[in-house]
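Before anything else, here's the structure in question.
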Amino acid sequence: MRRFFGFRSAPAFAIPPDVASDDVPPSCPRCGVSLVEDARYERYRVCSACGAHLAIGSRRRIAALVDEGSFRETDAKLFSADPLSFTDDAPYRLRLDEQRRVTGQADALITGTAGLHGHKIVLAALDFAFMGGSMGLVVGEKLVRAAELARERRIPLLSIVASGGARMQEGMYSLLQMAKTAAAIQRLHAAGVPYVSVLTHPTTGGVFASFASLGDVIVAEPGALIGFAGPRVVEHFLGRPLPPGSHSAEFLLEHGMIDAIVPRAELPATLGTLLRHYTRSDARHDGPGYELREPAAIGHD
Amino acid sequence: MIDVAEHSAVAATPTAWDRVKLARHSERPHFLDYLEALTTDWVELHGDRAFGDDRALIGGLATFDGQTVMVLGHQKGNDTKENIARNFGMARPEGYRKAERLMRHAEKFGFPLITFIDTPGAEPGIGSEERGQGTAIAESLLTMADLGVPSVAVVIGEGGSGGALAIGVADRLLMLENTIYAVASPEACAAILWKDAGRAAEAAETMRITAADLAAFGIIDEVVPEASPAHERPKDAIQGTGAALARHLRELTAEFPPHDAGAIERLRAARYERFRRIGAWREAEPTTRHSDEGGISAPRNGRSGEPRESAQRSG
Amino acid sequence: MIDVAEHSAVAATPTAWDRVKLARHSERPHFLDYLEALTTDWVELHGDRAFGDDRALIGGLATFDGQTVMVLGHQKGNDTKENIARNFGMARPEGYRKAERLMRHAEKFGFPLITFIDTPGAEPGIGSEERGQGTAIAESLLTMADLGVPSVAVVIGEGGSGGALAIGVADRLLMLENTIYAVASPEACAAILWKDAGRAAEAAETMRITAADLAAFGIIDEVVPEASPAHERPKDAIQGTGAALARHLRELTAEFPPHDAGAIERLRAARYERFRRIGAWREAEPTTRHSDEGGISAPRNGRSGEPRESAQRSG
Amino acid sequence: MRRFFGFRSAPAFAIPPDVASDDVPPSCPRCGVSLVEDARYERYRVCSACGAHLAIGSRRRIAALVDEGSFRETDAKLFSADPLSFTDDAPYRLRLDEQRRVTGQADALITGTAGLHGHKIVLAALDFAFMGGSMGLVVGEKLVRAAELARERRIPLLSIVASGGARMQEGMYSLLQMAKTAAAIQRLHAAGVPYVSVLTHPTTGGVFASFASLGDVIVAEPGALIGFAGPRVVEHFLGRPLPPGSHSAEFLLEHGMIDAIVPRAELPATLGTLLRHYTRSDARHDGPGYELREPAAIGHD
């Protein structure tokens, strides 16, 4: 099946290798070790042998992240109206039907509420398996509704993205979702409600250049390919290959664009700590008071 | 790049691809031509105060229609040398950060904002990635969405993707008749859809990127007519643009007077609603099977449930 | 760099130069040692979102004394390798821009700010000039002066010039007993005054850079005692620092409760007044000739005209 | 006489050459052409032949900038109290006395109110001739008073600086003027009163790294040496010579730190235009209405 990457060309899957679906592959595409009966792979789609973060479906991702049974989906039945009546080799509507059939989802973004280490959150997870996680009207609308819900209820928003960018088949409507989602995040910021953005492999184009880059805190998964223009576009523009490591999460950390790189299996704990900080901001001075722990051995990094 | 003789073949009903060529025409008036003709007291303000001064996206203070405005625009060159200096109108992250700085400057002093859009897109270079092109564009979108002064944007040539939108989150959006505004260039679109950039003309049609298309969608507020293509009659195009900008700016400043906190909150709310309601979607499972031709027969529903035919625009 | 054996010569009354050597001692506890001992739930937040992540000036969220605080500090290394990674605690512009970002983050969520100062100074490299070291420091000063949450700064080693002050515009300023805070390093001072960096010890005395000197001037609020030098008894130094920080932070949050708009305005006004009144000057022509020894005999007058002996500090 | 440059060493006067005093020199130190009967030199201390911007005293600078006879000095009699009782080879107090005698000023900063193209402004001009324009308590205090006056009366503040940085002889008091002046400018910003900063040759150290870099608009004179660390300090740190053009106004413009480079003779007109923009912000829509001028010939830079 063909994938659509919006206005940027398909990312090169150099770092790390990707697994096309949630079906258990025989072995890790990076290190070649078998993934059968790999418990870490089973839960997180992470190879125990080499730590490669492989593709994970949104529902599995949510299940591995939030408190068990706490996820309540919102706006599950929002469908694209194909505003351009777009067709290339085949009508967009038929592609959408096929994507829905294959993924079991109405569009690329799943939203809802959940608990995370006991903290209530609004959650939005973009699924790369649905048309490359591209952002059309439905993705934009659902992200905005999630941000509005977070704002109204004053509970933190968490977004997790993997996306090739805008959904070209929805033309300018798609581009305008960048403005619309940025505006919704602005209002969330103005209301002082925390927003944490998680970038996963791959994240490029219009999603990266809008809400996903506007988190109060932005974290990325190790090795994820992230950038504004996809590597092929940049290479075409430059007329030479990219320097090694470009477009990786590690590159973004070095260049100051993200707050941290967090392995998928550690994400629940890290987000739990962050949420504890943000959610107790109205209830300070109820702590245990000043208490000294043993000074650490000197030597850090 | 464009064969100047070719456009004479552009007859009464130009195709989308004709518009693309007109929008990119090297002799078409560029930002500084509009600026020089329409404003006085220009003081260019340079730099992002952090890394550099982008020559592809420039801005400053000027007098327009009797008041001080902040003006921002992409600047293309008129020849190869100028184009190299202007990076072909492709802004880098420091350009968007300068834009953000100047937007906040405008807000601080209550100056309305006018932006002139004319770019093939944000620069996709490695340096731009290193300095956070995506981050810079996202932050510019957010800043412009939040801006406490009225804003009008006008597409005077190419409206190329996120690099155009970054200075396009305005209260009013105008396009000259022979300009385009698109999520991707027709060439890039054709390359992705058919792996054949040569089918760009076909893509241009499919993508619905002309001023007329976007007016029909309710995405833009006004099409500034070009009786003749702007590069043939620049004065007419500039005059028409100036008149339209002045009209929209007067409407906006009448409705949202500067230095009035209540009006500023209403302005922000109106701008949010403007972008919030763009689009169409269905709130229930599609019930009919579509024909292979992809004809639209199923009802479209806005989020409130009532039938909605793409976006409605009051402006 | 420092001869460890040498400090045993530091007797009951160390000279200013002894303090300089103690302040720079490589085994002295550094920022991360304090952080690890005094806080929990540390989440480091990286990057300026524009150019880079500075490893010499780091920050993040942590739990201290039962509440969430934003913590910022210069980090020196404990050996050459670490020092290279940390740029010897000399921050670059992106470090100060990260600090600014995290200060605004703290303000947004109402987290008090604690800063740990330990730097020879801001990095004077060409890259730092290119990216606006002066601009970045100035903006950090302004941001910190404006910050809508209480802040406490503590000098744990070297307080070197503008690079230290950039994270030192706090509501309370503490120094450990064997630390220094100076407008220039004694070596630089000696080089300028006598064209002889070898006279640094003499300069150190003349410049009045020890905690005791600055407490006498009313420039700092408290000296955290070191019964033994901090590198000999790190736990004591860290414990004493933690207790002082907690005490000042509790006083501040009691006086200026977070999320109370009136209290935040009072906080800003108090901080302004704090820096506003530092110093002494005469409001009229000096009338007496001074002796060659430079003894002070002429009256000093504050701006309101009443006699003022250098700065008074209430804190 | 020795000069003092605060905590940074003396700037190298490579670009442009400097003239030590306001006395007419026989010829331009850059191009060698005679400056006798050079009207531009007489008024602006700019060489007509090569455009070199030479040293100019604060009073001459003010006279060449503001509406004739409009300058009213404030706080002319604020004197340093020598808070450290500082002495190196000679007591600081005696040096101050000498500087006062030579320059006729109480300290390095002159402040006051003036008209500029009919717009009322508060003006603060730092004189490099007084101890290298270094910022001690008096300079900081007077700058803050000027900013407070501008804030109270809601009239724009204009500062013009030339400075080697902090005044080392006042120790930590000197350093703290960076915080104090930045805080005063912050309040001016918060009140929405415009502040324009003019950087002239040379500007380094604590003045550059505080109020002088915090203008709503920052302009510099052509060829002025400007930077945080002086060129010698940077060269010492690098262990090699600086690249050509480093630390110049042009370098700062290229690197995005200043808004414009304005020749001294054009400064009154440029500032006049800026002031017109800022001061009519409360009185808009009183203009002539929309009016088209002839479109310019295509071709700009």
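We just call them A, B, C and D in the order they show up, numbering each chain from 1.
Here, a contact is a pair of C-beta atoms (placed from the backbone, for glycine too) under 8 Å apart; a residue touches a chain by one contact, two chains touch by 3 or more.
All values reported here derive from a predicted model rather than from experimental measurement.
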Partner chains shared by subunit B and subunit D (touch criterion as defined above): C
Pair joined by more contacting C-beta pairs (A-B or A-C): A-B
Centroid-based (C-alpha) most distant chain relative to subunit B: C
Centre distance in Å when subunit C and subunit D are each reduced to the mean of their C-alpha atoms: 28
Whole-Å separation of chain centres (CA-atom averages), subunit A against subunit D: 49
Rounded Å distance between subunit A and subunit C, as computed from the means of their C-alpha atoms: 40
Of all residues in subunit B, the ones touching two or more other chains: 49-51, 131-132, 135, 139
Shared interface positions of subunit A, touching two or more other chains: 189, 255-257
Pairwise touch network: line, ring, star, complete, or other: other
Contact pairs between chains, per stated definition: A-B, A-C, B-C, B-D, C-D
Residues on subunit B engaged by subunit C in the complex (per definition of touch): 49-51, 93, 97, 131-132, 135-136, 139
Subunit C-touching residues of subunit D, taken from the complex the two chains share: 4-7, 9, 77-94, 97, 106, 137-138, 140-141, 144-145, 166, 168, 170-176, 178-180, 182-187, 189-190, 205-206, 208-214, 227-229, 233-234, 237-238, 242-243, 246-247, 251, 255-257
Subunit C - residues contacting subunit D, complex: 122-126, 128-135, 137-139, 141-142, 145-146, 161-162, 165, 168-169, 181-184, 188-189, 191-194, 206-209, 214, 217, 219, 271-272, 275-276, 278-286, 290, 292-296, 298, 300-301, 303, 310
Residues on subunit D engaged by subunit B in the complex (per definition of touch): 189, 192, 194, 216-217, 253-260, 270, 273-274, 276-278, 280-282, 284-290, 292-296, 298-301
Subunit D partner contacts - residues on subunit B that touch it in the complex: 27, 29-30, 32-33, 36-38, 40-41, 43-53, 61, 63, 65-68, 75, 78, 82, 85, 94, 98, 105, 108-111, 234-235, 238-239, 242-243, 246, 250, 253, 258-259
